[in-house]
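Quick heads-up: structures coming right below.
After this come two complexes, each holding chain A, first together with chain B and then together with chain C.
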Partner chain A sequence: MKEHPDAQYYIRGIELPETEVSTDLEPWGETRVVGKPLPRVDGYERVSGTAVYPADLTLPGMLYGAILRCPHPHAMVTAVDVRRAAAMPGVRAALTAFTPLDRATRPHADMIRTQLFDPHCRFQGEAVAAVAAETAYQARDALRAIQVQYEERPFLADERKALEPGAPQVRDSGNQAGETQVYQRGDVARGFAEADVVLDQEYRNECEIHTPMELHGCVARWDGDRLTLWESTQGVYNVQMQVAATLGMPFSLVRVVGHYMGGGFGSKLQTSKYSVVAALLAKTTARPVKLVLTREETLLAVGNRPASNMRLKAGVKRDGTITAMQFWGSGASGSEPAGGVSLLDWPVRDTYTCANVRTELTDLLINAGPARPFRAPGHPQGAWALEQMMDALAEAIGMDPVALRVRNVPTVSQARGNVPYTSTGLRQCLEQGAAAFGWDAVRAEIARQGNRGTVKRGVGVAAGLWVAGGGGPPSTAVVKIFADGSVNLNMGASDIGTGTKTVMAMVVAEELGVAPDAVEIEHADTGSTQFATGSGGSKTVPTESPAVRAAAVDVKRQLLELAAEELKVEVSTLTLRDGKVVSTQDPAVTRSLTELQGLRRRRSLTGVGYRGPNPANKAVTPFAAQFCEVEVDTASGEVRVVRFVAAHDSGRVMNQLTYQNQVFGGITMGIGFGLTEERVLDVDQTGKMANLNWHDYKLPTMLDVPADMTCVPIDPKDTECNATGAKGIGEPATIPTAAAIGNAIYHATGVRVTHTPVDPLRLVAALAERGEG
Partner chain B sequence: MLPPFSYVRAQSLDEALAQLGASDTRISAGGSDLLGCLRDEVFTCSKVVSLSRLDALRGIRDDGRGGVRIGALTTIAAVASDPVINQRYPVLAQAARAVASPQLRHQGTLGGNLCQKPRCWYYRGEFHCSRKGGSTCYALAGENQFHCILGGQGCYIVHPSDTAPALVALDATVQIAGRGGTRRVPMARFHVSPRDDIRRETVLEAGEIVTAIDIPAAPRGLRSSYRKVRARGAWDFALAGVALALQFDGATVRAGRVVLSGAAPIPWRSEAVERVIIGQALTPEVAARAGDAAVEGAQPLKRNGYKVPLFRGVVREALLALAQ
Partner chain C sequence: MPRPRPTADPAVITLEVNGERCAVAFAPHKTLLEVLREDLDLTGTKHGCELGECGTCTVLLDDAPVLSCLVLGLACDGRRVRTVEGMAEGARLHPLQETFADLGAAQCGYCTPGFLLTAQALLDANPRPTRDEIKAALAGNLCRCTGYLKIYEAVELAAARLRGEDAEPARETLYGRR
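Up next, the complex of A and B:
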């Protein structure tokens, strides 16, 4: 089976360790804990403010770091004068491209590709210098006192002009990142010839920025040669490897701790320059340094979902057979190759049955901050094109949009050489979602009532699948049970706010018969846990939960063996329940853990679990279908999203609440992508970002998100994907959202706005073009 | 980062006026706009005089002649929820409710709302534009999707306030105190067009304080409303807005004012619309003509052409809604 090279973007640049493999476990039957709507095990810490995030950490003698950033989209730094800044009160260090320490760092091939303070600044927000001072204010004041001489260069801000003759060159190698990638199966020309209807449409999405609530930041401290970083990251091991490589240090001397973090959405999978800067500032000053970026810095320099330009040509027969799809996509990586078209064509390649498919992707460079993976890279964009096209095709052949999709649900992953999926819940998502939504009834009602007034009502559907979300090795988890019956879980994975700790505690509780909040968790610390991949790709639960389950089963086995000896019964008759060893056959046979002599003597038992490989020649894929209803004011172009129904096949629901959380959060983010969010660059004049704040960069508010959201989990009882039966949910939840809204707007108004965000600016213009408004 | 400044919390209006004597001093009421400007380095100052202790400038009182006096320090939230305002001047209550977000409405004052600085992203950003003393208006050839279609010249901001158009529509008067005494300025003349002076937004002279806003008694048959269109449901300025304060005699509009927000560098009284509707019943046909009149003479820039159909539609619908 050939996997897409970008599908495992969350481990880009990481060398994965090989581990042992735990023996296969039987799938769970009825569960007692897993699947229940249990609150977060760390809910109290998070809401009471006792959870310590990196920005909360205050160490004795700690200094505050700050980074000076290039104000121009393209410039050469010819001189940096820090003398005045260095002499200011409280300032303890200043670093620039011209200080020896910067020269000592090595670019990291995958993440920090250039010199730390690269004098050739290719985007607004590139790091130019840094300071450390006694207070955050002194540090910021010092930045203002640094004098930099910039030689401005012509810039390119619009990727649509990247390949025009005479376009300013972002890099010497030109404005295209790599070759155009072509994928092909069958013969599209033949497919189009067979079609009854062929449609051809262009689509565009504007650039979206992650803007997690918690800013990017870290605290760095040296103890002799040993560096500790408290980092807001999705993967402590990612940071450890990249920082060690950049500083030329052994892994053993770099410890990264990431206990709490307040959102990343992909922008905190990789290491950023600021972490290395903090480490260097701490080293020069021999003091701990806290470095937290400002909101503006995070809007410029730590990633985005790049703008994408797409064209999709599709052919369909009257009976609903899709005969061919041809897709062209381009996008902007930013100032360096960074996945500007990553996975953009995957929805077209894999979502529906189609024998003849050809896609072409061209990744372009512009003078703007590099892209980073963003919640389902490429997929919401690809679905924006594909799912609106499906609607248009359905209309053209007079078929219901849900029916056309159901008719083309695949049973195999065509883009992976026709390997079967371990489970394919797409049909159930469409059918059960439509039933929960009342699809047929509401469409009939709208048709009957007509849509006469200025406020028009419409409904839309969109489906999707997610290329990753199956997880896989490696993962190593350790579960300890102590003589007093208390339990400790040790794992490397980060909980990025999705509830990973809660779900893993539930897995342990399921096997050991204890309450989930009795499971104490140590995690996300390279100094005290085993290797884990970054929490991204919607693969944290399917990757970690089988390893955690295996570790719990391992310790359970040891415990029951001890108990069987003491109780003089067959070990196979024993199990754990409510902190006791009990017999499945004789209620009289029971012993509390604290009374087990063998456990008392050993003080603790340790179980280790490993994540084994996924089934060979199968694809593990989450599926989704979302339905929404909108009201469009055709006089003003305002869109009110009235309700959403989201049907998801993400395998087993591990916890109803965390599952729903992901679905509602995914819809919310999809509403932002579809209706409100857009990075605006001053393309015609300065190339600088115009909406460089959290007010002009418009995230959706509570009033933009419907109160009426329903989550319909589809559990296909997948016994093949892994030992817990769970597939990923975080990313699939945001894939179809915008397209469903786009289709609903079309249903309401008859106007197809193919360019996101569909705000009143675009919608009013489109309606006016058609003579309305 | 905030510039260094000294901070004085005046105990009386006289002390505030005395403190304002020095140059380079700024008034803070709720501070919700001022601190943002200072932090973003839109301008600097060496002293901030806070009015927050001046309780005499807070509150909504009947003026004894059927009108009301609103102290400049009254919060937007207090204006929005005041029963008298809601009953007599729905346009103002609705406009206040359309401001920003709950937090900002509780922090921001009515006086501050009228005196707030423009929201143009060039003015607020790292661009040395003409309003800040530079020589370029970046909006003219730049990202001008949120800029004006009427009344621009040398500068193409839209006035950000939602309450100002409502107060212009209600024919309110601004009460101003200075060291030389007090003066009164009609709301319709309070804001300064870039055609007259590109460096200022209001007629206030250095050292002057807005103390109150007076709204005259509601004339018989007054119906009023504020409609605001924005790019998201809250915490967003107007793409287009219309404040209506019309006197009806039966179904016929006898007199009144129509004021647009999001259209021009100042709250934009649209006499063109008024001419169409006065003396008429607001039939769909009249409302449509009024919508057309609203954008008569509009000069859209490269990226804000959508505002022409938007105002046309919004003015038409707002008139029809008020007529119901």
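Up next, the complex of A and C:
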């Protein structure tokens, strides 16, 4: 399989570790613990206020750091005068591009190598200087006293103008990041010639920003040459490796701890400059430093889902065969190459059977904060185009939209050279989702009622798949069992709020016959836990759970061997249940763990598990179909989402509750993407962001989300994908949502709004164009 | 090396925090949020914006929910404050905390303290709220993880239990639709 050239680092092929991987785990049959709706093992900490997030930490002698950011979209810093700031009460350090500490170029982010405080500021919010002071107020006051001379440059804020002659240049190399990427299979010209209907439509999505509730931030402390960072991150090892590389330190001397964090959604997968800045401030002052960004800073400088411009041309035969699809996409990485069109064409390439496909992707630069992976990069946008096109095609040939999709469910991953999927539940998602929703009945009812008032009802469907399901190596986990039968799990993975700890405790409990909350967990600490990749891309459970299972099985094997010797029976007849070794054949043969002499002598046994490779020449992919009902007020342009049914094939459901959490959270994020969220740049006048707060950057609230959301889990019993059968649910949950709403709006009004967010202004304008409203 | 702390003359106020009277000295420009987190070490109260937009910093001031990032510490002299740390009795969680934990209404948990206190104020005033009343009461609290559904369900279940009913979560709440 050829990797998507623009694949994010967390799904790029990673070499296998040169350790023995456990490949001999039989798939589970009936499970006793896994799959149950169990509450979080750390629920108490999260509801009682005792969980310590990085911003909650106070260390003796700790200073507060703050970063001065460029107020212009494009400027050269010609001079920075910190003398007045440095002399203010409580100020202990000030760093700028002109302090010796920052003279070197530093590889402080993937692919970017500049000074930390690069005098060439290419976006509003670029770091210009930093201070550390005794209190947070003193630090903020000091920032205001720093005098910076900016030489403003012409800016480019609209990527649609990036390639026009005379457009301001974001980087010397121009406004395009890399070559235009072309993918092709079959012959689209021939495909279009075979079609009975060919449709061609443009689509656009505005830029969406992650804005987790918890601000980005960390606490940095040095002990001699060793640095410890308490970081709000999705991957402690990501931060360890990047900070070490930037500061020129061995990995082993950088310890990153990330026990609790308040959401990331991709914006905390990679390392941010502020972590390096905090480390340097702490080094300079020989004091611990806490550096927490403000909400404004997080809206400007720690990533976004880039705006996308798409055109999709598609041909279909009367019988529902899709004959050809041609897709053009462009997107805005921001001020540096950052995946502006990352995976944008994947839905078109792989969701439906189609022999002739051609896609072209162009990544553009603008003077705005760089993109970062955001829950299913590229996919909600690609699905916004593809799934609305599917509806339009269905209408054009007089076929039901669900039926057209079912007709074209693929059994192989065409974009990967026709390798089969380990499992595909897309058909079941569509059919069982439609049944749970009452699709046929509600459509018939709306048709009968005629939708005559100003408030119009409509229903919509959209499907989706996620490219990077299934996870993969490397990952190592360690399970320890003590002489009293209690268990400790050690893994490097972060629990970013999704329930990773809970699911892994359940896996251990399943194998060792103990209660999940009896499993003590050490996690997300590079100083004391095993290596794990960052938690993102829906890959945490499918990556970590097989390694954890292998570790538990390893310790179980050792334990049963000890027991078999003492009980003088065949080891194959023994298993663990409720803290005892029991025979599967003779109920009289039983021994509690605490009575095992071998375990008493050793005091503990340790099992190690590694994540093995995914099956060769197979694709592991989660699928989804979502259905929604909306009410559109054609007078005001308001859309009310009335209900959602989400049918998902993400492989085994590891925990019903954490699974539903992902689905409902994903739908809500999709509602934001489709209806309310937009980074507004003042593209003509100042180039600055015009909605730098949550009042103007609108997240869905409880009033915007239907109380009627239903999750229909589809478990295809995938025994091939990995040793636990889970494929990942976080990203797929948000992929079809906006497109389903778009289709429902069309069903209600007959007007297709192709531009997100579909806010009242855009909808009223579209209705007016059609002579309504 | 001496480590001088803030220079401004501290303000000293007396307030009742989670049932205990205490005196606290702090720089007079600080918000209640900062006083709680920095001067009283009550870091269960979180901050998401410090601009009055997210509800994450909600605490009860004389039993009414307030955004502690918008209230000056100085304005709290002689008043009663309840934070998430004051909801449990010892290690026994408040019914709202219990249902939030059991139903998965707390994912990353960052918005949770704010939701809990807003919900507590609602249930104190209205033991049998409708869904619309719950929505209206909690609409000022943002959550980026849960999608709010589990939060409704947790508030409803806790309300039933606080009324003395022997309520259990619905099957669909636990298993989705089969």
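In this section, the second predicted complex is superposed on the first by the 751 of 773 C-alpha atoms of A that agree within 3 Å, B and C clash if a C-alpha of one lies under 4 Å from a C-alpha of the other, contacts with A are read in each partner's own complex, and residues count from 1 in each chain.
The rule is short, and it goes like this: a contact is a pair of C-beta atoms (placed from the backbone, for glycine too) under 8 Å apart; a residue touches a chain by one contact, two chains touch by 3 or more.
This structure is a prediction, so every number in the text was calculated from the model and none was measured.
In the superposition on chain A, A:Asp56 contacts chain C only, with no contact to chain B. Of the two partner chains placed by the overlay, only chain B lies in contact with A:Leu761; chain C stays clear of it. Put simply, more of the residues of chain A are touched by C, taking chain B and chain C as the two choices. Look at A:Leu703: by the touch rule set out above, it reaches both chain B and chain C.
Of the two partner chains placed by superposition, chain B and chain C are both touched by A:His695. In the superposition on chain A, A:Tyr137 makes contact with both chain B and chain C.
When the two structures are aligned on the shared chain, A:Glu206 is found in touch with neither chain B nor chain C. When the two complexes are overlaid on their common chain A, residue A:Glu520 makes contact with neither chain B nor chain C.
Annotation: chain A residues 137, 693, 695, 701-703 touch chain B in one complex and chain C in the other. Of all the residues in chain B, the ones that touch chain A in their complex are 1, 40, 101, 121-122, 124-127, 138, 141-143, 145, 229-236, 239-240, 305-306, 308-310, 312-314, 316-317. Those residues of chain A that touch chain B in the shared complex are 71, 137, 140-141, 144, 454, 634-638, 675-676, 680-686, 688, 690-693, 695-696, 698, 700-704, 759-762, 764-765, 767-768, 773.
Contacts from chain C toward chain A in the complex involve residues 3-7, 27, 29, 37-38, 41-51, 53-54, 56, 83-85, 87-88, 93, 97-98, 100-104, 106-113, 116, 131, 134-136, 138-152, 172, 174-177.
Residues 37, 39-40, 43-53, 55-56, 58, 61, 89-90, 134-135, 137-138, 211-215, 260-263, 265, 294-295, 436, 496-499, 645, 656-661, 664-669, 693-695, 699, 701-703, 705, 707, 709-713 of chain A are the ones touching chain C in the complex.
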